[in-house]
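To keep things simple, chains are lettered A, B, C, D, E and F as they appear, and every chain counts its residues starting from 1.
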């Protein structure tokens, strides 16, 4: 099975980081195909950036039709997820939803832990978008700046572990989600320093996507996730224009 | 005051329809400045289309910085609203939020009434996005197709009036919102045929925007709606790239 | 247009304070007509006082039928609002709802900031009554006593500004609402000391009321806000008795 | 123990009906003391009427201080309940809350069944005020008019029984609450015609009030239900003015 | 009337403690019949223990059919309550629900106060099970260990009183519930040291149960709490097997 | 990997049915180990039966410690799930939660479709227990009786397909969950007759469990899902008694 790891950020180093986290847990017959956004921002951290990146993600999916069996939308806020699920026939899994849904099977309440304060409002809206407020004990973020988005997990490892433990002690988190593409792979390193299960969203998404392919759900032909009617597009990239126009 | 009436659809006839609804209620010193999306779909009806249109709306706002005092995001699902509010200093008012918030001052529960079944899921998510589920009695949509998006309000007038009355009788709506750009101006025509107050979203947005300009709220410098930090953009239109990069 | 500024408190100095906040933002053709409760408490601060004041407000509205185009219920908990909206044909706007709904268009979450601890439970129930819990980040109140209800905004200005900033920093408020009649006019003075938009409820209500008059919504003839059937009243003031009895 | 059965309606026949329902279930040492509103409307059916009646109820309680051990606020919407609980030291029990809370111990979801459509919105707000939406399967009301408020339970008995059974079959009600003062005593007559437990609100309130007196809870001296600070009152009845002014 | 005080814990000293709290408030003609779980854990403190104890409680109720008029499920999480209410014709009252519902009539928000951290998650799920989250200000628990479950209320009295006062001051609790079988009887001792009403759950349950017997609700014959259809049981105790099999 | 398929019903034919659904989707190296409840009811359909079956499930897990890597609690209401997750170190997956969480990745709202009216209340409480009410469009059940629990899926196939389509058309379900052990395997047969994705809960649970084993989450040592402290047990089966007593 071919699993598209779609990074809607423009930073290749983040794609690499996520790929390194994904490959060890993939099944023997799963090929992880990475893709990095050709347009947009280095690292999505706001609603505006997610709005733009979600559109680019749709373009990337249209460009790659026929080349994958399922796709992972690999940025914690799951930008463009709903639209992708309408447009395309393959299962599309968001890393935020995969991480949160898996966390639901490991306890009553999860805390989302990440490295930058700026991410909190967007993450909070993501929890709400998935209807999981009652399962979310807290979102905790580090103050302060960092040197490099691709190396932030090393730089902040000790602080993140401490904050995760605080989430357990003070927020009654049963599970900790280490959120954000730059933290991919960290859970495996620090799991034994945190007294509850720790979820790596990329890893969760790989296993969810593999399960989804095994189940082979049909594409809806009625209701809210059926393919939208053909529309005449102005000024969008070719592959997406053709796809929305039902020209392929 | 200059009020940007931003139509994120590509159909100029819809902009004209909304302009015709907006002008009669605008204050004497309000200039309504119309703008139609240069890229995108003729009429946004799905999550995917809203994702793309929201991005185009951000471009349109960046292109017009310095040319307006407040903007109306003139498509019922308010595409790109949160991002626009982060990026730009002017008040940005969504027609859906304006219509729903005004309706809240006219009764306990409103019903959203529109002309196409396809719109319901997207509208429902819009109600939830604004946290107004407990004020929403129902969303009612017409079955069946229509001839022209720009003339659908004439074609379906009788059916829409009947459906609004049903919403009052069966769903206990205290207020009816006629939703969707193609219905702009209809409320004034049919208000006396519906036994509760009827809200025209464009009209509501004009008055909300005028009030907002009078109040002159400051741009946040902290918290979730402060202007995002400068980012290096790849492959987006010039004005938006400069604005996100803090180059102006 | 004539806009009734109905103060359900018996303190004329508070009416004057609100009038001073309202006039500068009113449109050129808006006449603000003040009215102070002839019966009740100097300043409503509890559920019991709101219960009584809401009844007096209905009397005041009945007394002034034919003399105004819209009314502002000018006490933060919006006492008697629902009943007023049932009974009378004019739009009635509560200062709490106006402030909160306007705040919803300026960010995701607002904090309500006021000067007395006693007000918090009543304010919390007001937020719930309007179904806006998910939009409310916090209600923050000052401890301690004050010298004069009419001068409390001067006395406590620095503390209120500090508390508003705390609401931004700790509660993630995107917007601050300065609540309570005694704080009318304060927002304009301190807006540049608080790092997010600050809402003055009286100002918000004036603009909402002007917008509502422009829209001219019809009085419901069905549903929960139609005029109640005529009733025989015992022992209530004359104008209200006649109005409830449909004698005028 | 002396239990004040406070009817905030002005109709003595309704007080008599409730008294007849209350006495048979009262304990041997419980004296039910009836009181009928000296001012207000014959039968509260709207928000406006509840606003006024709640104020009258506070007057009635002030007039009778020292004469009862607990009071029943005997109209389904519990008008004035929160204010009464603040002001006075005795337990105050609303018939709506008593009926709904007792129903919670008889099943997962209750339906509220009553005789007049006009009551539904007010009842719905009452369910929300008590935070019991998730326990309420439905509110069902009869269409049509009736001859006499005091005899409506006889006139509509068959229709109410049928509607209760419909609530069980269609709304999945585990319990039926027959709501409204005019239905006091009906539950006992029709219980064997309805396939789930049926709650009489007056009966529930009597038992709750007796239990409360046995428990002898202290009056709060802190928090939101402590007695409000003394206030100077203008133009309210004597006993209430003195009580609010802490003159007795 | 015979009231079964069913302790699903195996510790007889806890039954005695609850009996001592129950008897003084019981009506003259109420006989409190104690029963202690013959199987299970000394003191239920986790979901697993509640799962097992709830099953034992059903056995105990089956064993005693014909011997009581109502039963109190006397452990704060109300283990087995829903199942008991389905199976048996008598009213079954949980101490948690009785305490919380009574608290609802004494203020807007209650805090649940108990002696052991381990109990919090289970208690939180119990609040949710009863749909009372919006009425619960907080759950507060003591850290640290204790010497004897039967004497913990004496050992921790001062700490519990202090924590209750903190709940009033910081969490805005209008009412305090002292929760857990080991705290039965404590409320009466400490009520005057806590500035809001304090609820003893066992006491609340006794009065609720007496009220329920007075009301004599019928057993549902339709809906979700009718007696389940007869089933063939394997390997369960005799009386329960016969009861589930409709053999008596 | 060894995956315990724990059927808490006593009917071996249901275990076989679920095993037949599970095996085709299991990975090459997954061994599905079936287990049927040695005590309890043939088919759990009520709260009481779930209470008892959940306890038996804990016994079954204790009996099999060391023999499996993850377990599937294979009855739709997930009886005993929380307790199992506290007590044991292996991942435990409920079929209801697996089905619902997977459905969340296939659309906005799912409908739960099953064959017997009796199951609805218990299923509704299960949805609430998992905090997924906002994702659940409806629960739909067939009226009428059936011949054999093990053959009900064949007998009712056409009716279930029709009801699933109704859920799509009327309840706006984006996904259909065929719920209940007796429907295991049906989704694969009827998927092409239903216009949206159809979820088989057993299949979902197998893939979720495999993913969970691959992730190898640690057992919590703090918080609400750490192993409970050792307790002295009376009268429970040996293996469970030893496990709860930390004797192994």
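Just so it is clear, a contact is a pair of C-beta atoms (placed from the backbone, for glycine too) under 8 Å apart; a residue touches a chain by one contact, two chains touch by 3 or more.
Quick caveat: nothing in here was measured; it's all calculated off a predicted structure.
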| item | value |
| --- | --- |
| Third chains touching both chain D and chain B | C, F |
| Maximum centroid distance from chain C, chain identifier (CA atoms) | F |
| Copies chain C and chain B - interface residue numbers shared by over half, same or different | same |
| Length of the line joining the C-alpha centres of chain A and chain F, rounded to whole Å | 27 |
| Centre-of-Cα separation between chain E and chain C, whole angstrom | 44 |
| Interface hub residues of chain B, defined as touching at least two other chains | 82, 85, 108, 120-121, 125, 172, 223-224 |
| Pairs of chains, among all present, that meet the touch criterion | A-B, A-C, A-E, A-F, B-C, B-D, B-F, C-D, C-E, D-E, D-F, E-F |
| Touching residues (chain side chain F, partner chain A) in the complex | 25, 27, 82, 85, 91, 93, 97-98, 101-102, 104-109, 130-132, 134-135, 168-169, 172-174, 191-192, 195-200, 203-204, 207-208, 210-212, 214-215, 217-226 |
| In the complex with chain C, residue positions of chain E that touch it | 108, 172 |
| Of all residues in chain C, those that touch chain E in their complex | 120-121, 125 |
| Footprint of chain E on chain F - complex, ascending | 10, 38-42, 45-52, 54-55, 58, 80, 82-87, 118, 120-121, 125, 128-129, 223-224, 228-229, 231-236, 244 |
